[in-house]
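Below: one structure in structure tokens.
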Amino acid sequence: MTTSELRRRLEELRRGDLSVDDLLKYLRDYPYEDLDFAKIDHHRPLRTGFPEVVLGRGKSPQQIASIVQSLAGRGSPVLVTKADQESFNAVAGVMPAAIYHSLAGAIEVPGENPLTVREGVTVVTGGTADLPVAEEAALTARLMGSPPERINDVGVAGLHRLLASMDRLREARVIVVVAGMEAALASVVAGLVSAPVVAVPTSVGYGASYEGLSALLGMLNSCAPGVATVNIDNGFGAGYLAAQINKMGK
Amino acid sequence: MTTSELRRRLEELRRGDLSVDDLLKYLRDYPYEDLDFAKIDHHRPLRTGFPEVVLGRGKSPQQIASIVQSLAGRGSPVLVTKADQESFNAVAGVMPAAIYHSLAGAIEVPGENPLTVREGVTVVTGGTADLPVAEEAALTARLMGSPPERINDVGVAGLHRLLASMDRLREARVIVVVAGMEAALASVVAGLVSAPVVAVPTSVGYGASYEGLSALLGMLNSCAPGVATVNIDNGFGAGYLAAQINKMGK
Amino acid sequence: MTTSELRRRLEELRRGDLSVDDLLKYLRDYPYEDLDFAKIDHHRPLRTGFPEVVLGRGKSPQQIASIVQSLAGRGSPVLVTKADQESFNAVAGVMPAAIYHSLAGAIEVPGENPLTVREGVTVVTGGTADLPVAEEAALTARLMGSPPERINDVGVAGLHRLLASMDRLREARVIVVVAGMEAALASVVAGLVSAPVVAVPTSVGYGASYEGLSALLGMLNSCAPGVATVNIDNGFGAGYLAAQINKMGK
Amino acid sequence: MTTSELRRRLEELRRGDLSVDDLLKYLRDYPYEDLDFAKIDHHRPLRTGFPEVVLGRGKSPQQIASIVQSLAGRGSPVLVTKADQESFNAVAGVMPAAIYHSLAGAIEVPGENPLTVREGVTVVTGGTADLPVAEEAALTARLMGSPPERINDVGVAGLHRLLASMDRLREARVIVVVAGMEAALASVVAGLVSAPVVAVPTSVGYGASYEGLSALLGMLNSCAPGVATVNIDNGFGAGYLAAQINKMGK
Amino acid sequence: MTTSELRRRLEELRRGDLSVDDLLKYLRDYPYEDLDFAKIDHHRPLRTGFPEVVLGRGKSPQQIASIVQSLAGRGSPVLVTKADQESFNAVAGVMPAAIYHSLAGAIEVPGENPLTVREGVTVVTGGTADLPVAEEAALTARLMGSPPERINDVGVAGLHRLLASMDRLREARVIVVVAGMEAALASVVAGLVSAPVVAVPTSVGYGASYEGLSALLGMLNSCAPGVATVNIDNGFGAGYLAAQINKMGK
Amino acid sequence: MTTSELRRRLEELRRGDLSVDDLLKYLRDYPYEDLDFAKIDHHRPLRTGFPEVVLGRGKSPQQIASIVQSLAGRGSPVLVTKADQESFNAVAGVMPAAIYHSLAGAIEVPGENPLTVREGVTVVTGGTADLPVAEEAALTARLMGSPPERINDVGVAGLHRLLASMDRLREARVIVVVAGMEAALASVVAGLVSAPVVAVPTSVGYGASYEGLSALLGMLNSCAPGVATVNIDNGFGAGYLAAQINKMGK
Amino acid sequence: MTTSELRRRLEELRRGDLSVDDLLKYLRDYPYEDLDFAKIDHHRPLRTGFPEVVLGRGKSPQQIASIVQSLAGRGSPVLVTKADQESFNAVAGVMPAAIYHSLAGAIEVPGENPLTVREGVTVVTGGTADLPVAEEAALTARLMGSPPERINDVGVAGLHRLLASMDRLREARVIVVVAGMEAALASVVAGLVSAPVVAVPTSVGYGASYEGLSALLGMLNSCAPGVATVNIDNGFGAGYLAAQINKMGK
Amino acid sequence: MTTSELRRRLEELRRGDLSVDDLLKYLRDYPYEDLDFAKIDHHRPLRTGFPEVVLGRGKSPQQIASIVQSLAGRGSPVLVTKADQESFNAVAGVMPAAIYHSLAGAIEVPGENPLTVREGVTVVTGGTADLPVAEEAALTARLMGSPPERINDVGVAGLHRLLASMDRLREARVIVVVAGMEAALASVVAGLVSAPVVAVPTSVGYGASYEGLSALLGMLNSCAPGVATVNIDNGFGAGYLAAQINKMGK
């Protein structure tokens, strides 16, 4: 039920063309979504400027291309995560403006709406192998108006490298820590700063890293408060949350 | 090395009472922490008003009491989590102002410093059995100056109860979702609001809930973005992070 | 918004005491739940006669008693599962009609409404130690109008006992199989009958039964089609589902 | 021993051509299955019209083709699940009527017997990546005479999409919910309807979804009653069970 | 249907007191078990002298006592495993001849039938904490006519103790190895002898022994052939199997 | 030190060409194995006719070929398990008599010694996909002088097929049960016969079969006594153990 | 066979009182251990001064007391780990010199032999709850002649406390790091020093610490080289290894 | 801040060109690392001659090549572990002196500094399939100045092979045990020698070896003291630690 339809019915009632009982019945039986769509989705306007996001994994290139096509052109950028070159080719076939970020494994279709930009997010990695996930986080945050600072390769095995970056860390409003193996970096960073830390375990490592389980458990059990964790390799989720938090109070 | 000591040495150098080489040697050999304590712990002032926190589990009542005694009296409140009645008795013996929150299993020693208070945190639970963890989260947030709103018993099995609370949910700046079993509440809430969601899996349930594993995995795999997860039953961590985020931009 | 309130508003509109625009605004801003409560909960009438159910585990006796008190007296019976004697005492204190089923660990507060009864559910157990879970299933089904047949102690180690019950099994419309250890009973039963099988793994066993994991995985991997599984020890869930299925087509 | 053979022997006994002892010995020694086949397999006639089903995974194309050939031609359709293009080619070489459902990864050899058709099954998916499993479920249900309704892409991250489908959901007699990641959809749907829900966790997701474990645990721990779960990605099992339930009471 | 009943019917048929059709119908409808009991349970006579066994865990003392009472008095001994003192008291109340083996946690009700005894089973333990499980194995084997040799405390950390027992090991026909922690004893023993080894992992250990998982996996992955494994702490199963094998060829 | 060398030394001592002290020193310092080889390896003669076995997995084709070459030619056959076609090619290059069993994935180099053959082993499979593991078991048993009976495709979903094979099952001295998924077949068979059952879980299945974990746990938790389990897909281990047991008492 | 016995036999041979064949036979048949005991156990003298160690867990107080009694009085101290007060009482009953270390849960029976003492081991803990395990490690090292330095409560959440202890850390020859939760301390310490680090994960924590699994995986996946890990809560193993390493080169 | 810069500032202060307050401020604000780099990294000189190490896994060939290029030429060798041929090609393109160890999967760029060499490390393997990991360990130890002894293929299934190597084992100062499957070798070796054992579980095996989990748990639960464990397949970590320990006391 669109607002105009509802208005029409209410006017019929006022004109006496519809009884109260009929309208009551009509309201109760009318397809739910049309009214509620607007009510429930109140938060959508708040997300203006946020990208439309598609998880590429598990979808065929054709499916991705057609979903992207249906989402693009509304002003917001479109982001496809965990996407390979083949999926990009399919998307580029229908959206020539699409850009492939190969390290992040992500497709970006730029939006037309100007983004309000706010600095304050910093993305930190433990090592070189964490870069793809960090790129996904950084790209997501940038598309949401929070282009992040980057601090790379500051794993705790060489603590001096991390401590050398402390001034930059202390300036951050939200910190995304991307680390694999034992992921001690999240605890150490959270112990050094007062900003909230969004921790992303990565599947970097081998053997008893169990595809990121060691990092995940390490981050969940951080002895420093102020750490929350997202799924293994979920750079998107961390970048999204960091940008969401960063925009608060604006 | 305190600042006053360092100042004294520098003045000795300026007066010629100390050679450059001696001061260099002194700087290098002086116990490390004294200088670095100040440098590294820059964030401590930012946390003024935050509680000193002790994890009670795994410590004896006597250990807890003596730790609390050493922390109290600096202005900030002291919070002991996962503490039983016996530990409280030990603490109350030395700190008569201590309060036991039995549902949360937490001991509070009120601080003297007035807290700057900011509303904006909402703590939501799926069911009655999640209350102890939610209480821990709420108490932590309150001690950090973010006394939370509470919405209880809105598990997704009765979706109307959750939807009935949507206006209050939409007003929150940060939402803590406390849920066990399949913990679908986190995804549903995150899909309905634009505020960041801090998800706390609880060990509520039995059988294949595996002491909160089902809830933990559910929250980590939320299909809605904007969710970060803390450890199972870690109400403290969620309340801390929520208050930390809530105070941003202030 | 109750129906009577809505009716009043619509009549105001019809009388001209309210403009269309005001009513539209009113409808959009009015607390959501009041309207939706009725809309979303359409299925509640369908459940008439179904028990109100409370999971006792994780709740204090006082919490259970007060929840039961608030649920009772609406015609339907109230069922508390995974409840101990102490919780029963608390409930009996406020609801003298309450009955404790000690083997099932369940509290029943009988309802006033007459139940439509339909036979067709059969509850089968592998061994004596599975009885508590089977009792919970049987009690649930009975409170939902499907008092079940019972076939006990027909584990596959003595196949002849199971085969001796085949005529009774073949008459069932829905079969609940309750078994621990390797839980082969579910596969064997499903291979012998054409009725749907609701499988309940139990935590019976030790060592590598891993508190019911072996039974759970066995049932999920049944080589016979027509088996669906509920949580370990979840007799309630199986009894509920079996009764739900049994009442279909009535 | 077929019934006619047995009759012949009994008549020999009655005619005095066979002694009681010889017949007793004969009955005991005769290959077991011939008698019991009929007794035990009473349910087979009940399954008339049900497809013969082969799990393709783990079998070579040649094995699949020869099994299909031996099953086909008895009136019922034959269904091969988890089969790739190569297996289809082998089957099509011997059964030219075979059809390959590439999204479902299933081979269908149509049966000659007319199916009694009954509507009532609805297959719901959380997202696009769940489609292959949902296709398998839908194909299975269709081959069993319950061609399902389909509701796609109604994951709980956008609750309005699900609520918009509620009228269709409420009309279903049995609902198959296919979802990966946290699989909250099963709980939410079961809380909204009174029909039994057969839940299929999918291996959609990454990281801590652990190839469907998060979805499996989520569904097993549903806080809404009326949910039973089948194996991860087991669309066939769900479609089979749903059709089995749907045909009850007919 | 017992053989005598069947004989009676066949004689009725032969006498003309029963028609072929009636007998056919009778055979088909007669309760299944009565005939099949005899057919399927052919192996029971082979087990003459084997104990009747009840798993005590998960059963109440009263249940155990009444099961034992129903099993005893048939000539064979009755064995209750995983039984505590309280269960023994209940059993002894009804069966005064019952004996409690407290280290094994087992109740024995001696049988009247003389057992054929055969030596050849040897039960080996890694350490003192493995004794309860070894006792259960030894008791089981003894009740089955294979009173075992015992070699204790020969864990591989002191290899000389094991090697010192090699002559006794080489004389065994079947060896039961009971070991916890890393359970290397099974591999080492199997590499030293040519007899089959039945390996029982025990839950001895702590931390990453995971209640016997380390021992279980170690035994399943034995680099020496000739090892088969039973459930963690399943002394009964190992003793049973060892006696079964030992009696072969007799 | 071979026996002939030792004899030579002892004769030198007797002749006075060697002092007692020198011989004592010599005995103590002589490479350990040479003496102990004979002592410890007493069981080797017992294994005469047993194949030399190489696990192919994890070794390069060249490594396999050179190991096989060094083992062959001693009379006993050589068996390489888990070997692919490429490894066979390397072996066949140096051992032209080598035979590749492609379904079992095993290489056989026939031995020259005549095998004493004893019947009594039966290998049973649940389904077609279990065949490769069953082939490995059967080949191993055959090379050890126990060419097995085979009963295929008697999974418990169609119990009549298994019951139809009961006479053959009852004749077996040792039964190897090869099954995946829930592996209920092991329990059912062990409940029907009095022979020991060696259970081989297979990695057949998908989803929550967890590469054979469901089958492994099912077999370890068999409710029927007389079952011992080997590693997942370890047909070799089962065939070896079965042959070892079968030759007992001979 | 002791050396003196062997000498006697060789002299008999030399004297002609024994034939070569008889001696050969004798050598082959003589009980194995008597010779090998000496050969294999060469390392025992090297361990002089090391404590005899008994794992208390899983043994009854009486068993512990009698094992201790048999071990004591040989000069070396005796250490019982994971022992409770009741076990100590039993030990003290027979060994009045026994000392109970209640925090470590360990019983010490002092030895008479003077210990060579070498400094160089440092035991570091993350938090107060790790103390029991650290006490066990320290006690073990002390009983092995390496009384350790102690640095407590330097978890990485407050990095300045750890850095303040760096001079003491750098002086250590071997460092035992005892930490629970995410156990990041091991990685951080190993990155700061050049001494080998023996890491002990503790079961401190809750929820997704999984009784020390998070700490174990974290330590196994340390991004800093030079870390080796012992079992969860295995203070004994770490203290033993540290003392063993510390005594090297002495 | 380099020492020379700091000296310059202090001289400015002494000359009166800088105030005490300015210098204090300068010290506090100056980029942290420059001072701390020297302080914290005191251990680096101790590592002179140790290789620079890069974990190849998870990095692209180009990333590896550029990291190697930046590390080489400082005197120390560079080691890349878990590297494939393609990565070697990229490295060899910029560092022609690079050597590829294909069995170890490691790249070595030799250093110019002469290494002080000390014998004392022995690397032991259970079987041929453990060789790649053992090669990685041996190469690492050699590059750190501890070229190891090698003892291969002494798995406990043939104990005599291990015992035959005991003299060489007893001479070792540190032993690296590399073994998969049940990895009993670590316990057996540690029980035979007094040197510390660094245990490396390998992912050799299949089925319930769970990619090295069985070996890992086995080693962590060694019943012999003196064993510490590194990550599955982490030959580098074991070789590094062994060399570190071996160089102690030098």
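A, B, C, D, E, F, G and H are the chain letters, set down in written order, and residue numbers restart from 1 in every chain.
Following the convention adopted for this analysis, a residue touches a chain if its C-beta (ideal position, glycine included) is under 8 Å from a C-beta of that chain, and two chains touch if they have at least 3 such contacts.
Each chain and its UniProt protein: A, B, C, D, E, F, G, H = phosphoribosylaminoimidazole carboxylase.
Note that the structure is predicted; figures quoted are calculated from it, not measured.
Under the contact definition stated at the top, the chains bordering both subunit D and subunit F are C, E. Relative to subunit E, the most remote chain by averaged C-alpha coordinates is A. Checking F-G, C-F or A-D against D-F, more than half of the residue-numbered contact pairs recur only at A-D.
Per-chain Cα centroids separate subunit C from subunit D by 25 Å. Computed from the mean C-alpha positions, the centre of subunit F lies at a distance of 38 Å from the centre of subunit H.
For subunit E, the set of residues that touch two or more other chains comprises 32, 36, 40, 127, 158-159, 163, 166, 192, 205, 207-209, 213, 216, 220-221, 225, 231-232. Every pair of chains in contact is given here: A-B, A-C, A-D, A-G, A-H, B-C, B-D, B-G, B-H, C-D, C-E, C-F, D-E, D-F, E-F, E-G, E-H, F-G, F-H, G-H.
Of all residues in subunit D, only 31-34, 36-37, 40-41, 55, 57-59, 63, 67, 82, 201, 203, 211-213, 216, 231-234 touch subunit F in the complex they form.
Remark: subunit E residues 3, 6-7, 10-11, 13-14, 16, 20, 23-24, 27-28, 32, 36, 38-39 touch subunit D in the complex. In the complex of the two chains, the subunit F residues touching subunit E come out as 40, 42-43, 46-47, 53, 163, 166, 170, 173-174, 192-196, 198, 216, 220-221, 225-232, 236-238, 240-241, 244-245, 248-250.
On the subunit C side of its complex with subunit E, the touching residues are 127-129, 158-161, 163-167, 180, 204-209. Taken in their complex, subunit E has these residues touching subunit H: 126-127, 155-159, 181-184, 186-188, 190-192, 205, 207-210, 213-215, 217-225.
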